[in-house]
Amino acid sequence: MPDSPAVAPQFTSASHRDETAELGMWVFIATEVLLFGGLLLAYFVYRHAYPQGFVTGSRHTEIVIGTANTAILLTSSFLVAWAVEIFSAETRRLTAGLLTGAICLGLAFILLKGIEYHREYDEHLVPGIDFRFTGSLANGVQLFFIFYFIATAIHALHMIIGIGLLAVLALLCRAAPSTRRRAALHSVALYWHFVDIVWIFLFALIYLPGRSAS
Amino acid sequence: MTEPNYLTADYTLRSWFFTTDHKRIAILYFASLTMFFFIGGAAATAMRIELATPQADLVSDDIYNRLFTMHGIIMVWFFLIPSIPNTLGNFIVPLMIGARDLAFPRLNLMSWYIFMLGGSVTLFAILAGGIDTGWTFYTPFATLYSNSYVMVAAAGVFIAGFSSILTGLNFIVTIHRLRAPGLTWYRLPLFLWSLYATSVILVLATPVLAITLVLIAVERFFGVGFFDPRIGGDPLLFQHLFWFYSHPAVYIMILPGMGVINELVSCFSRKQVFGYKFVAWASLAIAALGFLVWGHHMFVTGQSLLASLVFSFMSFVVAVPSAIKVFNWTATLHKGSLRFDAPMLYALAFIGLFTIGGLTGLFLACLAFDVHATDTYFVVAHFHYIMVGGMVTAYFGGLHYWWPKITGRLYSEYWARAAAILIFLGFNLTFFPQFVLGAEGMPRRYHVYPPEFQVWNVLSSGGATILAAAYLLPLFYLGYSVFFGARAPANPWDAPGLEWQTSSPPPEHNFDVQPVVTRAPYQYSRKFEAKPQNA
Amino acid sequence: MWRQWIPFWHPGVSPEGGDVDLLFAGLLIASALVLGLLFFLLALFCVRYRAGNEIDRENDEAKSWYWEVSWTTASLLCFLALFVWGATVYFEIYRRPPDELTAFVVAKQWMWKVQHSGGQSEINALHMPVDRPIRLVMASQDVIHSFFIPALRLKHDVVPGRYQDLEITAQRIGHYHLFCAEYCGTAHSGMTGEVVVMEQADFAAWLSQQTPTSSLADEGGALFRQLGCSGCHSAGSKIHAPQLEGVYGRPVPLSDGSTVIADDKYIRDSILLPRSQIAAGYEPLMPSFEGKVTEDQLLRLVLYIKSLGRQP
């Protein structure tokens, strides 16, 4: 639907509409929290059952890439927050620029993730496709990598969706900023921050267990 | 003729399939759900015919396994979960709160398309060769052993899950943000409270099902996964995840029904619902506590004794709010002026059957008894009493109650009452014998059984035939009424809710003037006349 | 034809059976009372307050919370009582059995394989003496099954990847149904058998009539050599591996500092998942035998190691 000035009839005003949309995004995020929640539950069950296996598995991950990706995501979140902050008719170029920056960082994240997957493949650490880790902790390590791949793949999927949304918004903002877009930007930013936070949890669970002092 | 209503506003196919009007979307859902109900019901009837004899003479074991799986999957995800929320809820929620539409009309349409996509994928799985895991998809059978279309069916359920989530989201936001002026939380009809509670569960439980199905798919696809005992994975973890969704999901399948019953009981006793606040909060209490009892499906799997103890205890606790509701409905009748129109018959049937189903749920929550009864027909009888005797009955009750509003026509009261009574009788004849079978130890999902169980099975199969016929009746007289029924007035039951204060069927924009709510719901004068909420 | 008309209820023939039946009766009575009251009130109100009936409806809308609180507490108390009752009996059923007569049950699609410790094996049947508790150690070769004897009011899931014990006692001689209660695929409903409860003397006679090839433990000993276990676990081995004589039933210190009792489950895990628990003072050298031994063989190995324990 074109961005008509009139508010859809179920709303009384533009701000009514925008607040409603934001509430919608929050409820959606609640859903997402439970989506990852189920996965994390499985992680904790198995980490409890195979503590050594998980630590060993974790040591075989690429901490450098993981850390770099964390930094990348945090920066992109910052750019998005900035874009929300300065959004207005005058600054639309800057806004679009910031969003583009965030998009590039998001793409960089995906790229690095791809490299990481590739390295794991080379090391024969992909359960179900090529998993040759043998020796004492094979089971735990395999369960760890199953979690690793599922969780990061779902996260990457969220990233891709987020990048798509940001791209649409960047184009729209460049064209003509309006309060309507401001609300949309706000919601998408919420989503992007959420994806970021999920990553921080995943980072801690995937890369750190094998590297804490012990 | 006066100005066009939502049905006559436009006749093109486009105006139906691309509509964003919640009322038309409700009709789309209604049509699809009716189809799914009949598909699921046909499978049930086939099963019951097969079960009339102890041997396998109608279908082979593989076919039978596919029948009950398809019956369970279709009935749960493609009929009962969306039944009241997506048809009656979609239609009535905006009218009840005096809004023009749901908060996100396009999302609403999208969730219908998603639902239909999920449904088609599932139907494809069935046509392609079926799936034989049971609706519970237990691992490692579903992941490593079954050679049926598990992935496709799981994908169908997965997709339909998003439709649930979006609907829940839409309702929550709508009830929060779009209430008419003056409509405070404690002035909301109880139907909305229960739909709100339902939506909370939809939003918070469905994603866990989604991720669980993803895990299943991964394990099936790659031949190794989280639940694989060969690498030390735990098949019971799957059950934990599945029931973490599915137990709350059973409350998705009853709360909306309870909501409808509030409306019916109050309207046909011409009285305020007794203990409004208690009933309202009971809905939320059920939604919240319902997340804490999932382990009661796993008492004999070898989960720790402590866990069993806690889950058993919580199952009793979650029954308390249901008890509160049952007592309040009964008390509502006290000193009312009772009319026994068809919707009221359904409401009374609901109270009785739901209570029987609920009480037998307590039997199962009772640890020692569950050891004997789990995975027997006792469980089958328990949940059919609640889901069919309770929820389907409530759905029919609500459908009859709001039918004049939805279609603008009156159905034949005579036939409606006859069908209600026939459904009640057929239902009890079908499912009561199953309690006996279960107590005697007949396991579920058996299509060959020891001959001494036959008598009760024959009774049950006989009942199922009556039930099938009874469920067919409304198709005829309701269908007839759409074309030949008398025109319905705006408020045929003389009820006080906002939805009755606009014409039947409502205009596209619902209300000509924005209603302003001035009083609590369910108010009647001393002469039992409704006092509209907005006057 | 309908051979037997089953009445509403057959009494259970196990010690727990009586308790479960009593519990069931209690639940039925409680529900009957509640339902009776409810239906009575519904009927009463429907008749008395039907529209058009001239009757006093003066209604000062007294405070409702009084009622609410009382029926909430009443149901809560009633529920609590039922909960405690059900839980007590449950604990009775699953209390840890002392070491009695043991039989091993292997479930697989779609049959039950029962092995007595003397090596006698049977399929889809379980012979047992009357009035004597017997402990079942159960394992599944493939998917989840559930061992269900309605007459004893007992059931336990058999989950692959672990052992499950169940203690059963039958108090009346006779033939009883054995069902698989957890859906396990195509012939789930064919996975049935019978439990034959005999006089103790008859049972002994039955056992001796069966021709065990050799005792399970002996077979286990053969496997122990065949699979190469003895290569590490024998006195003369060069590899530093624990001696298994006398291990069974003793506490074993583990490398992570904890201690476990070497029971069936521990031995089983040691064979299948040797790394999950490493005995203190040893290197984790032992290979996993996951996928290399069947459940049947595992049972024999466990029994063999157990028999080593018995020898002084």
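Each chain carries a letter (A, B and C) given by its place in the written order, and its residues are counted from 1.
Here is the rule we go by: contacts are C-beta pairs under 8 Å (C-beta built on N, C-alpha and C of every residue); 3 or more make two chains touch, one makes a residue touch a chain.
None of the values given here were measured: they were computed from a predicted structure.
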Open item on the list: Which category does the touching pattern between chains fall into here: line, ring, star, complete, or other?
Closed with: complete
Task: B-C or A-B, whichever has more C-beta pairs in contact - done: B-C
- [ ] Return the distance between the CA-based centres of chain A and chain C, expressed in whole Å.
- [x] 45
Open item on the list: Roughly how far is chain A from chain B, centre to centre by C-alpha average, rounded to an integer in Å?
Closed with: 35
Open item on the list: Using the touch definition from the top, which residues of chain C touch two or more other chains?
Closed with: 273, 276
Open item on the list: Going by the contact rule already set, what residues in chain B reach two or more other chains?
Closed with: 231-234
Open item on the list: Where in chain A do residues touch two or more of the other chains?
Closed with: 49-50, 138-140
Open item on the list: Using the touch definition from the top, list the residues of chain C that touch chain B in their complex.
Closed with: 2-6, 8-10, 16, 19-20, 23-24, 27, 31, 34-35, 38-39, 41-42, 45-46, 49-52, 57, 59, 64-65, 67-68, 71-72, 75-76, 79-80, 82-83, 85-94, 109, 142-144, 146, 148, 150-151, 153-157, 159-162, 164, 177, 179-190, 192, 273, 276, 290-291
Task: Contact set on chain A toward chain B in their complex - done: 1, 8-11, 16, 19-20, 23-24, 27-28, 30-32, 34-39, 41-42, 45-46, 49-50, 127-129, 131, 138-140, 142-143, 146-147, 150, 154
Task: In the complex, chain C residues that touch chain A - done: 273-276, 284, 288
Task: Partner chain C, residues of chain A touching it in the complex - done: 49-50, 52-53, 136-140
TODO: Flag every residue of chain B that touches chain C in the complex, lowest number first.
DONE: 61-62, 65, 132-134, 136, 138, 140-141, 144-146, 229-236, 269-270, 274-275, 278, 299-302, 305, 308-309, 312-313, 316-317, 319-320, 323-324, 326-328, 330-331, 333-340, 348, 351-352, 355-356, 359-360, 362-363, 365-372, 374-376, 436, 439-441, 443-456, 528
